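I'd like to ask you about the structure that follows.
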């Protein structure tokens, strides 16, 4: 015993000392040398291997392409070089570029394109796309793919749907049984500028240049995307030099760099790149389950009772308040209205409430505890609404419970968003306000016939000018109806080391194809 | 003994003041947002600074301490009652009932407490009530086992048989002799558990499975402060110190009481 | 010995069955049905009735509870605990992966705790009521009052933010383990000091120590040969119980340092109500816990010849 | 023939400091042991006899304060440093205690415990120590295969034999036996006493025996010391003592032994924390006078006999 104890003691002392040495050997001289690798911190797993999913947005942008993309609100060619709407808008036909290859060297033809759509239809994963209306898909030849709709294609929004992340084209070897898209995706083989070299679930994904990519080759030799779930942990990672950049979730709205840390990071010498999104965080009303919200005066009262500048204050000035109606000027199709209909006015809110007979109104707000900003904002709203005599009750819960509770009648308001990353603005706006779409949630922004008409006129026309006009009408309609309370305009941020050059935003998505890095 | 007990008693009294009349002496409304003074450090108007929404940290801490301490007390008292009821039923009735209850207690004690608490809190959904329920579910069994043991020992004591043999009413004997001999160890045990429970609550709240905003709670406040470790370290330092204060005051009191019962290993602290 | 272990195992069977049943029944604590929870998470919108039926068939939720339970248990015995609802990964694989991460962190931190606590505790007991003893008692009493995750934050504040020496979170490099190990190790050492001190002190008051002295042994010999060996029995028991606590015990520290351990993984699954993961983890950790306790008992038996083979019943601690 | 003195205790005062006050357990005690004899200290429970015994080898807890001189083989051992003193313990003076079960290390094989004593005092190999231990096992009449047993596997009598083997491992000159038979069955008691007697004769040992059992005293003692409330009331040869006790307390004690069913000493043992100016036995004494309440009796030396009383029982 005695001897054993001594042995253990000696061993552990040595172990401790070794650990100590490793800990202290963290001193290195730095000269500015070109780096071939970039390390990115990202809040979501890239999902490169997935039973039923399609992979995360960052992954699909890095390593994949779709038939078409949406840039500045316009659908532009990608894998498809052109498209044509035929048969009285019952069919859309895409011409696929010749000579395309996947990153594993296999050919990309109409047959492979069809695989992904077959998968999405089989697995019923067609959010924000019109795939549920597709009757059949035909491939008359290697370079043509035709989609036939059951009762007509739903205008431009249906075309834009082909640019959805979930419709990223992958090779037949991606699937467990090659060529069978209903089997789990075991490898992400796309045709984008990068290819996945290594993927460890919930840890990291490494990307290397895809030598089969037909476009301009990327500059770095390697990008490692570290999955770090905690928002603060990502910030600490870049401060500690463990990563070179932090990228917000491409979708916006969650897994982003805490806005109130951006100033600190800037002071510490990091670059902060910001891209506003056509996405507005709003306070939505439970009008479907709760009759009171059908009264426009109550909705207006809520609009008057909230000071958006103060909410933006939560984000330390990095996010703009949604004072000017709904979307910021970040895309040709999302130009602002140019007026502020509901200026902060607690007195007006009070009198409107009195008109509704709702003095001492005590609405209940559902709050998702996983989003710290949302929680903070709710607490701020609670305090703010007191000024207008509104006694906001907060019910904070985790995401699953939140989703469950949203369906019930026992709540009044919650924080929601309209719009989204640029390639999603058509489908998302339609889905939020048009009850006939499958994505339409039972609760959310108040909608009326005039809003539905307006949103259709914004997302359906193939003509650019008509769509622009339609968007103006749409904003005016939701503003007039006080459909929700716009709070702030969301944005995507990239925080990077000083030496990282060439990060670009295509649409609202950060792209690292031309990045060089000197440390 | 004297000094430790005195220190503990003083610390607990201060704590009781914070918990029960603290809201009266808090300088600000803990929910009152004031964005113009957000994230301020220690100053004359805000003696512990302000948080992200410009709320007075000191006032919030007073309320937060109340939340944490009250939940621990509720958990301990309710588990004690449940444990007492089941433990004494098992011990008094004995036989198959005892066997059955003991197996159930075994099963409850076969789970690692924390995993079990997290599972229940997660499934029920994070909230102050659910965390209380989860902690009670996971802790009653140890009280029950203890009570059962004490009652069985007490039943064996010669004077119990003697008093029954001398014609005393059985029920009276139990109330007069058996139960008191359970209360002393039970209350000592329960007192020890307060600090443990407090730690469990702040830990669960820290990982987001406990008390939810806007209710101020110490663990949740530390969780929220993670964002501001570089810019506003007072946001995590003060709540942490307060947790340590609360737990320490229960620990030192428990310690000195234990020394009091078992003077062989007593010793004074350096204070 | 074999007979003893066999008896213990036999005794464990009903406990294991009840435990597994309880683990399975956890799902019914939830106010919403698994199909609702899962489909909600999988597809953004409201699940259709058709999807719910299809889901219930796929996962067997349409059968009676007992059938579901026996199917689940049968699969579990064959190592198939189902798949995570959120990302479809294998529950057993997830458990093993995070178990390894937890074990790495926990064993190193407990070793650290032992290295700190053993000499301090023993010396403290030996010099009971000396200044050293008083300081160490105060130190450990203050220490056990500090939450481990907060200690971790202080360490991060000093070593990562202040001195920029060590990474504040993560798992990838050997350096990552230092701060969480320190946080957990120091935290455990505080209570361990108290346990060591009490155990040694208890032993020092026993008659056979007086005998040892009367035999002419030096103080060192008394300490090493008699006091420590006997005091080790409660210490090992407590250490063993500590070790079984690494399932979930370190959850706040793991979460603080983004360490992919059991507690962290489990807390996430619990938060998102990932039923198969919750059931699987609860079952596996209970099984582990039960067997770990058995092993501790056997070790204690090795250390202490007085424990009778014939006695059954295990030590349990939450 | 002049008897050679092995141990001389003079002016021994022992005090315990506790949180509730000081306790005097030994008040100016003087006695001596002749080589080769058995000296029994007898008295009621709590009279301080064990404390006196333990103080000789410094086995008392730390809160005991010991004053006085203890001479062993004419050499004052009370002034020795702790380190030098541990060379006397075990090797020259060994101790056996009551309740052998609690006094033997429960997790160590008994043979190792015997060998350990030998090894601690003589620089020898493990093997030699083991040989010695086996020899001692044989001497205390335990089979050699018990070497590897653990204490809990033995009966109380066997445990006491182990205790004796441990104590005698180094053939000490003085054996202090503190109530060696108290916790044992009567038949076993007898065997143990017989064993002690046998070993004493074999090694010409001196034994200081502490007991409250007059039967044991009668069987074993060469000389007797009677203690009461920290005072050595009387010291006498066995035969003289049993024929003619001088101290009133000794008289009462013998009366109790002779007629245990009828006879009791009235009153209770005094509280040692309360300081009394006079004789501590005075409240219970049949011969007490006013002077007994005020004056502490001095030792009266009558040849080999010593009595501490103002009113010694006349012939």
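The chains carry the letters A, B, C and D, assigned in the order they are written, with residues numbered from 1 in each.
Criterion: a contact is a pair of C-beta atoms (placed from the backbone, for glycine too) under 8 Å apart; a residue touches a chain by one contact, two chains touch by 3 or more.
It should be emphasised that the depicted structure is a prediction, and the values quoted were computed from it without experimental measurement.
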item: Most remote chain, CA-based centroid, reference being chain A; value: D
item: Pair of chains with maximal C-beta contact number; value: B-C
item: Closest chain to global C-alpha mean, per-chain Cα centroids; value: C
item: Where chain B and chain C are represented by their mean Cα positions, the distance between them in whole Å; value: 21
item: For chain A paired with chain B, centre-to-centre distance based on mean C-alpha positions, whole Å; value: 43
item: Centre distance in Å when chain A and chain C are each reduced to the mean of their C-alpha atoms; value: 38
item: Intercentroid distance (Cα basis), chain D paired with chain B, Å; value: 52
item: Contacts with 2+ other chains: residues of chain B; value: 122, 125-126, 208, 226, 229-230
item: Sites on chain A at which at least two other chains make contact; value: 230, 236, 239, 370, 398, 401
item: Complex contacts: residues of chain A adjacent to chain B; value: 230-232, 235-236, 239, 258, 260-261, 264, 310, 313-314, 367, 369-370, 372, 375-376, 378-380, 382-384, 394, 396-398, 401
item: Chain B to chain C touching residues, read off their complex; value: 103-104, 106-107, 109-116, 118-126, 138-139, 141-142, 195, 199, 202-203, 206-209, 219, 222, 226, 229-230, 233, 236, 240, 243-245, 247-248, 251-252, 255, 264-265, 267-271
item: Interface residues, chain C side, partner chain B - complex; value: 14-15, 18-19, 22, 26-27, 29-31, 128-129, 131, 133-135, 137-138, 141-142, 144-150, 153-154, 156-157, 161, 198, 201-202, 205, 244-245, 247-249, 251-252, 255-256, 262-263, 266-267, 269-271, 273, 278, 281-282, 285-286, 289-290, 316-318
item: Residue numbers on chain C that touch chain D, as the complex places them; value: 206-208, 210-218, 221, 225-226, 229-230, 233, 303-306
item: Chain C-touching residues of chain A, taken from the complex the two chains share; value: 1-2, 5, 9, 12-13, 15-16, 19, 22-24, 26, 45, 47, 50-53, 124-125, 127, 184, 201-204, 226, 228-230, 233, 236-237, 239-240, 242, 370, 398-401, 403-404, 407, 438-442
